[in-house]
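Think of it as A, B, C and D in the order they're written, each chain with its own count starting at 1.
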């Protein structure tokens, strides 16, 4: 028997491969599918089915490439979107994988056609349930992908799916959702690497609203919708291009990058740490430190744009994977020698000023009128972690829409949790002509570690 | 600077990647090109040129897939064969790779349009020479690919290429040929992993014939021509299919194999050791132990045939690579569970009898009329290593053409150097209805280790 | 947070590493500890505690080497055995790993001092329980390590541990036992890769005896006790030698092996497949195909003996690991060139005859008096899978004690499930002078696949 | 046959493993010996001899650990230093490795007892020569390890060794030295990855002095002697501690580092890039970007000091290897979370100002009296690459001895080739209380890329 959870960092995505008797099924594969192919091959299994829990909006799905490399059959949920490949799954449909049985369970709410898949063991009892984006450890899926006035309806559907279909499978059943902590598909997914329906019934805050109306009140909310989601939806319907036919993004020289960046449609994305970027970066480049790349690129770079990556000089394997997983296929290359090559070529570079929280306390004491504190955390974070006195809050994702509210003559001090998102904000301000930009290193956590006042 | 020799076992093939200043060239790439792509990527180089020394007949070249994955330019030697891709290289043409220079040198003989490539270092002196199949460590290339009556001409060309073009580069120049010991492209390539023109001038037996006529006499000979060569020539002209688009050969069940083998065009190739095969194998399968696969499959399996691989049960990565490298693209899969699965499925299997040399001495003493000793080594081996008394010699590659000369009622004892080729012969005889087949384990080397008589 | 199950094939052993806030704990590490060290290092965690569930008898524990390489503290269960290192764990003792808490729970039965460890998540509810050898997926631990007349007592203890301490943690709690399917520590562990207390409460056959007396009746049985267990117990008390200080077992020539095997204390263990061994093996060698090595070597090779390994020629990494994990530290080396080298050196080799089930049916029809069918499966297997007409049953592990019951003049046909254990039996018979030894390829499964009669 | 060059970056060190007929020899192994052990094991060879070319002063040799792991015999050159293990090699001594022969050749000069090893192929002609530090590609070994007044003597010895012993082996012989480009053992080693005696005879600048007196004049010079050399000499005599017994350096928290750094004997070594360090670093830490670590740590950190490493947060595998290879065994650990953790803990950090060359041109125009240009390149570099107008030259390695010559009130602009060494200098100045420290990014290469004046 083969059972493995394949985790994709950045996307905080979980996919699963299940095999028995020489046959295997993959649930919700990511776009770069080598990992599934080699797991199957190493274990001597043939992938015969790809099961999708819903039409994904946050990443490109690898079903089609698995099919091309193995001949597996693809089963779509949300089939009303008119897929150009694969076949629709039906409620109650069963898939036999050796002696194991998988049963499709219609669990709408996150999307109208979402499915869960129940895995039955040799003893023919429910053993695991793959809930896609319906139910997570510590949270439930968002229900705001239709119109706002349908929120009550979709939240109600999700309530029914969870309370009347999934939870009744039994406390002892192991829960296998499509996302872990850090996903954009829900705000509060817990760190629990493994969980069960019983654990969720006890501990998941959203499942404490056993009253349907209260559940709808709490879950039925509009959340942020990154612009690239629309694109994912389109590509997932058509089937993304097979990655195996792409050229590998190549090393670029400073000269080549200087030429390419003249084109307006070229975005230089710098995935180094916040301090590296602050110290020296190619003018106009956007800083998104690697751990944040998947989460934020969709807000600042239009799909289809040509992307150049800046790493410390090494081949940026992970960054490239992240880009492909979210549909940024037009990757021109990366700065092969790192910033030192850029400087040795005599090119100019820019900086972002940094301050430490201790300095900041001191700075704020003097001449406060000339200081502007910009807190770019999300609303919920501010509620949970505390507010900074006199700070203006604009969530990072909305920053570009509010540039004209920011003062160009004051020193702007940018705050987030740790400093990682602040550097992204800093790079966006610099790129838009702001001069007096300061990133607070350590962010709110540092602020809390010292004796500075939080409201 | 990047310089690496990439060795391909089985083919005994050497290819090379050379880089400087961010650019790289590959010389004579094999068909599966990931190794070149990743070497370049890891080191931050961009492959810009693929240089071929000649139109290859013993393996499929990977130039086209490199081009598709990197945009590199392909340079063909032997361009008269009317390539469907790439461009012809010209005598004296220079390629600049950073500060390194590569110069094309027309060195005909092995083929009419063979080229060598001279690599110049920063000091602009000849540093290395890539001779393709013109000059090897310990041997020279074969010259029998045109008509037999052109042997003197081609051998003479090779003489001129070596003595008047290559050797004059200087004793100190490092020699980088396209093959190492074990290749079908020359019979006597030495084990020297690295060599120089001076070492070859001193030690290469063929280069001791400094008189052109004597050289021609010794080198100008017709050698064996495996049937698949013709196919390689054709595919190398068209450009082989890109491997990255293929499905991975899959695990097959005993039942699936039972079905597939009913088709006459299906060949079951067993790459296990000689003793495994002897003990139990699928009836009708051909034994070619892995180390011999590339060298012998071309003699016994028609190109285009469907191939099923039998390993010990593990995924036969190397065997699959070997097949693809020599154009056997129609790989149905492999027996996932190994022979034990076959037996557990209640399928019947065949055996080949084995004897040890000590037993054999004894056996031959009694009833010699009913014994038939078949020595399947090549003529040169027999000359070098000695002959076995009363043995009949038929080279393994010619065996299928001489089946009617073999006695069906006598016990046939098959001999080679070690036993590895004997099992191939044994499998072919069994497949053709011979019953009294015995493989001598240890072969001539064992024979020599004991006190049995060699003539 | 870090949570990983580390599986050790052969031993069918599970160990676990749990980390949070920079600190990690390892539960029941195997002897070769690199895997724990690198997991911790890659994730940036420091191993601070090694927790043992009980004094192990089936493998050597790696606690001491982890301590030497990390400075971690070792916590022993079963501390009455007078450990020469580490400290005793106490009932209710708590270990803080970052924000996670682990609580020790005395769960005697398998051994008098067995402990389980309950892992609490951030919400301070029981999340997982590490039960060692108390409770498995589909089975419970054996209780026969004390005197036979204490069986009722120990089985009763286990009942209390499971029903009154472990199960009350809640159906939803994830169960993490020390063994998976295939272990010698329980006969019927299920294939369920992940399970929960609720699933076990429903499906584990032993947990259906909710009546204590019935549980005792069914669980309180004496099982086989491999001789090497005693040794494991001793070494686990002293602390096994650190593997990092050992020389790597080396490649041996046929000549060196010929010399070494003259020594009575040298055992040649052949880990190749059943068909390879049958075809040719070094006289006197014992066949234990790799998947069976850990399970059976302890019955046939005394601890302290010098072992020589025979593989197909490759470095036998896994076999060496298996030996070290069960205390066979005196590994002289392996036959570097495989059997072909042995034969080329002119050495003699032996065979074991093999038959396929179809032949066997036929053979048994004629002259049945001269045939002897030896079924070496365990009693429970025979009960479950069926008996073969006229077969004599001696379990493989007991074979050496019953040699004088076997006929030396009849053809002996050896049966097991698949043929894998039969070859071990065959090798033991040959080693003890039996001549007429036949191994049935495919075993009972093949028998059932065809039309032969099972009683 | 096995032949492989094992390269150690940082040390620019080459070692070699040579095998034939199941036996292998290693020449000049580095301290971490796993690479030799696994190469031998994978290829089925047993390491029987470790050959040293001389007593090394620039790295710790791994002979003793190879011996402990394989039982190989160690052969010392320079045996007068009274080794505590191994045996002396003698001039003309021969080592048989299968059918290959290695002959020891006394080639003094670099050290009094230096040996070269000549490898003879199957044909018994010189094939390769392993010259240790006597002859490199493009350079010869330094001869200044004895008293200055012995320079003529040692340079003369080296002349005789090269011209009368090594070169006469023949132009065609392949040269295998102990170092490649970038070593501290010679200043001008060329990039030629492979070379021959003939190539060196033609191109090596030092070998153009065929007149002995001229050779002595040119080669007989005192060079820099890093303080840690003395220590290497001592440890190489005793035999370094086996690394396999060490604990792995662990992840440290900001708090732990804050505590440890109070101790004067603790050095924080930051191996990040120059821009990362400039932007934010732990006060008092020394910047040595990874590629420079081996080359410079010996000048600034006393052997025996406790070292803490700062990386981007990942486990600093390479940095740790570098430290062990040069005897810095007291590694307390590394900052597991990288600088972001440091800041989140509310700790303060320092910066070094950076300037780009274009800004610098401009800056220097105004108020030149308040500017101080510090060129920390070595004398030879300045000669070759050009001098900067008005710059003061102090070689980086000598900087700490000249601190009182530097102005504390002027802005100091530090120059090197690329900026990589300048950040080390910058960190040393900051650590010693200088405030007005500026590192020129891109260094002289950038300066040359633009239009700034070089003298």
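Keep in mind that, in the parts below, contacts are C-beta pairs under 8 Å (C-beta built on N, C-alpha and C of every residue); 3 or more make two chains touch, one makes a residue touch a chain.
Just so it is clear, the model here is predicted, and its values are computed rather than measured.
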| item | value |
| --- | --- |
| Contact-pair overlap exceeding half with B-D, pair selected from B-C, A-B or A-C | A-C |
| Chain separated most widely from subunit D, comparing mean CA positions | C |
| Contact-richer chain pair [C-D vs A-C] | A-C |
| Centre-to-centre distance between subunit D and subunit C (centres being mean Cα positions), rounded to whole Å | 49 |
| Whole-Å separation of chain centres (CA-atom averages), subunit A against subunit C | 43 |
| Contacts with 2+ other chains: residues of subunit A | none |
| Interfacial residue positions of subunit A with respect to subunit C in the complex | 1, 3, 121-123, 125, 127-128, 170-174, 190-199, 201-203 |
| Of subunit D, residues touching subunit C in the complex | 22, 37, 41-42, 44-46, 68-71, 242, 244-248, 250-251, 253, 313, 315, 336-337 |
| Touch list for subunit A against partner subunit D, complex | 272-276, 278-280, 312, 338-340, 342-346, 348-349, 351, 354, 356-359, 418-420, 441-443, 445-450 |
